[in-house]
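One structure, pasted below without further comment.
As written, the chain order gives the labels A, B and C, with residue 1 at the start of each chain.
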Amino acid sequence: MSEPVTAPEQTGGDLSKLPGGARAALEAVLMVIDQPATPTELAAGLNLTVDVVEQLLVELQREYNGYTVKAPDTDDDSDAGFGTSPRGFELRSIAGGWRIYSRAEFADLVGSFVLEGQTARLTQAALETLAVIAYRQPVSRARVSAIRGVNVDSVVRTLTQRGLIEESGNDPESGAILYRTTSYFLERMGIGSVAELPQLSPHLPGLEGIEEFYDAGRM
Amino acid sequence: MTTAVDGAATGVAKKPGFEVRLANFTGPFDLLLGLISKHQLDITEVALATVTDEFIKYIRGLQKLGEEWALDEASEFLVIAATLLDLKAARLLPAGEVEDDEDIALLEARDLLFARLLQYKAFKEVAGLINSTLELEAARYPRQVALEGHFAALLPELVWRHTPEQFAALAQSALKPKDVPATHVGLSHLHGSTVSVKEQAEIIGLKLQQGKPLSFRTLISDAESTLVVVARFLALLELYRDKAVGFDQLQPLGDLTVHWTADTASWSSGNLSEEYEEQP
Amino acid sequence: MSEPVTAPEQTGGDLSKLPGGARAALEAVLMVIDQPATPTELAAGLNLTVDVVEQLLVELQREYNGYTVKAPDTDDDSDAGFGTSPRGFELRSIAGGWRIYSRAEFADLVGSFVLEGQTARLTQAALETLAVIAYRQPVSRARVSAIRGVNVDSVVRTLTQRGLIEESGNDPESGAILYRTTSYFLERMGIGSVAELPQLSPHLPGLEGIEEFYDAGRM
């Protein structure tokens, strides 16, 4: 592992004078954001370089997970504290941004405190429609309909209301509205980009040219 | 090849499990995959032919349940049912050379159905993966707390320039139901040229205006398709309503004779009703 | 100081099996609650006694402030970690309720980060959402989403932050939080009550016909 960053004087001058330094400053900012923040945004707000912020983020992430990092300024190690067991929360990088989450193990406990959670589950029809859009985006409703074999208008409306998909311009040829997944979808999936979705090809044996099939036959 | 179901009389009642699943399929492909896996078959031509009867029975079952069925949804089921029937019929006939256009069209329909079914299967599988990921992730709650009071106070004072009337106009447009443009419904699977009732009425008019009464049999003797026969029949009804023709039938089930009664000079097909003339 | 509580088996049986135990479970809850929670509420949700919760709260508070507590189960104190320097957040008790806040020392830094990119103007999306809430209050986010056809969660948060709308109880059926406009909204509109808002055309749909996305069976 790289050297812990605990001497940020070079970049964020006055941070070092504050208790906990740059690391604590970063934590303070993470406490008030209500959507994932990119290292660039954090770096600008903290007056640190992006590299330093990224390194601090990874350190915090490891620390919250129970891997302690020995800091040069805390050589007084008579008190180990709770450093070696994971915290109740974790720091995760999702959809390009970082954000604090409660640890999954405590889902039931936390759920009873957070009244309006993200509980509404998707129906099979909604999941299939979401999957087609995720893998074929940007894509028109007609194409999704062709793949699923049923009209998807109302399901697309519901997915849009729930913020999982959004309109993404019009098809240059047909003029049909195109749809794509949102960054909220990535957040809900816990991934950085749609490229991280599981590969579709293993599920499509010998049908790599599949798009031609439904294009020719259907529309 | 197994005959999946003996008939409607025995089918539904004997298989309550199947009936319970009736409403749960999310489309024709879902149903097909369900039927294929129920019979523990691979997705093959055999499998498709085998489950044809059950597929059609499912559609009948839905009708019996009196489910409100959207037309476009029903049509998609029917298109696939028709393709399945073709496949099954082709398997029942003696194997032969691929000769005419119809055979080639059937092969294409079969390949297309396979491709679409496999494609759907793939998406159904990844939808399952997406679902399990979503459920796993739902166990983590993000911190998204309200801004602490002293930070909220730092926000710049809101610029507000809307009069109540402007605000009401905004509400008006925001509350207006949004028209979702309808999905284009493919018609490529529909065949047959259009036949105009009006044109057929003119042909009948020309034949009858020569003065001699003609039988319906004669009037349709040169029709090149059933569609033309139907169009001529409808044209006759129209002409009768227009008091342009009269009918004579000497005995029950005997030949129907048609004679011209209108003033030939002033009659024109333009007076006929438009109801059959809607453009596709 | 009282003995650290690190063996909560007596009260919250299964908590001890989770990583970090009762302390981490409490942290998980504290990290995501929006409103301060009393020890009684926390104890009920975590299935611990109030005494235990209060002790854990004080321990966490001290730990976040940089005073480490020696835990009996972490005698391996070769790695002191960051335990001895204060974190960027603090656990505060205000009017009997506990919540995690960003540390006061970083207020300037956090303040400027929050202000970054803030505008004095509401976006079109925010204005439209406000209009729907004003004319259909009290109304849940789900219904506003259904009317607007997009997810409104973050916009509702902005409007709440701006003091234009506020929570107004829960829907008796779904339990969803309802929102209404505030007196600050009336002030900005220059009217005395929402009854003074101009009448809308009577042909607009009410809420009856609006499909709610989490109504069972939809989608």
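Here is the rule we go by: a residue touches a chain if its C-beta (ideal position, glycine included) is under 8 Å from a C-beta of that chain, and two chains touch if they have at least 3 such contacts.
Predicted model, so just to flag it, every value in this text is computed and none were measured.
Asker: Return the chain label for which the distance between chain Cα mean and whole-protein Cα mean is smallest.
Answerer: Chain nearest the centroid of all protein C-alpha atoms: A.
Asker: Please indicate which chain is farthest from subunit A, where distance is taken between mean Cα coordinates of the chains.
Answerer: If we average the C-alpha coordinates per chain, B ends up farthest from subunit A.
Asker: Going by the contact definition above, tell me which chain pair has the most C-beta pairs touching.
Answerer: A-C
Asker: Could you please state the distance in Å, as a whole number, between where the Cα atoms of subunit A are centred and where those of subunit C are centred?
Answerer: Once rounded, the distance between the two centres reads 20 Å.
Asker: Express in whole angstrom the distance between the two chain centres, defined as the mean CA positions of subunit A and subunit B.
Answerer: Here the centre of subunit B sits 41 Å away from the centre of subunit A.
Asker: Report the inter-chain centroid distance for subunit B and subunit C in whole angstrom, where each centroid is the mean of the CA atoms.
Answerer: 50
Asker: Mark out which residues of subunit C touch at least two other chains, giving numbers and ranges.
Answerer: 31-33, 101-102, 110, 114, 149, 157
Asker: In subunit B, which residues are in touch with two or more of the other chains?
Answerer: Answer for subunit B, listing residues that touch two or more other chains: 141-145, 147-148, 151.
Asker: Taking the complex as given, what residues does subunit C use to touch subunit B?
Answerer: The contact residues of subunit C facing subunit B are 31-34, 99, 101-102, 107, 110-111, 114-115, 118-122, 127-129, 131-132, 134-136, 147-149, 157, 160-164, 188-191, 196-201, 204-205.
Asker: Please give the residue numbers of subunit C that touch subunit A in the complex, ascending.
Answerer: Spelled out, the residues of subunit C in touch with subunit A are 18-21, 23-33, 37, 45-46, 63, 66, 68-71, 74-89, 100-103, 105-106, 109-110, 112-114, 116, 141, 145-146, 149-151, 153-154, 157, 175-177, 211, 213-214, 218-219.
Asker: Along subunit B, where are the residues that touch subunit C in the complex?
Answerer: Counting only subunit B, the residues touching subunit C are 141-148, 150-152, 154-160, 162, 164-165, 167-168, 170-178.
Asker: Looking at the complex, which residues from subunit B come into contact with subunit A?
Answerer: Listed in rising order, the residues of subunit B that touch subunit A are 26-30, 70, 72-73, 76, 80, 111-112, 115-116, 118-131, 133-145, 147-148, 151, 180-184, 186, 188.
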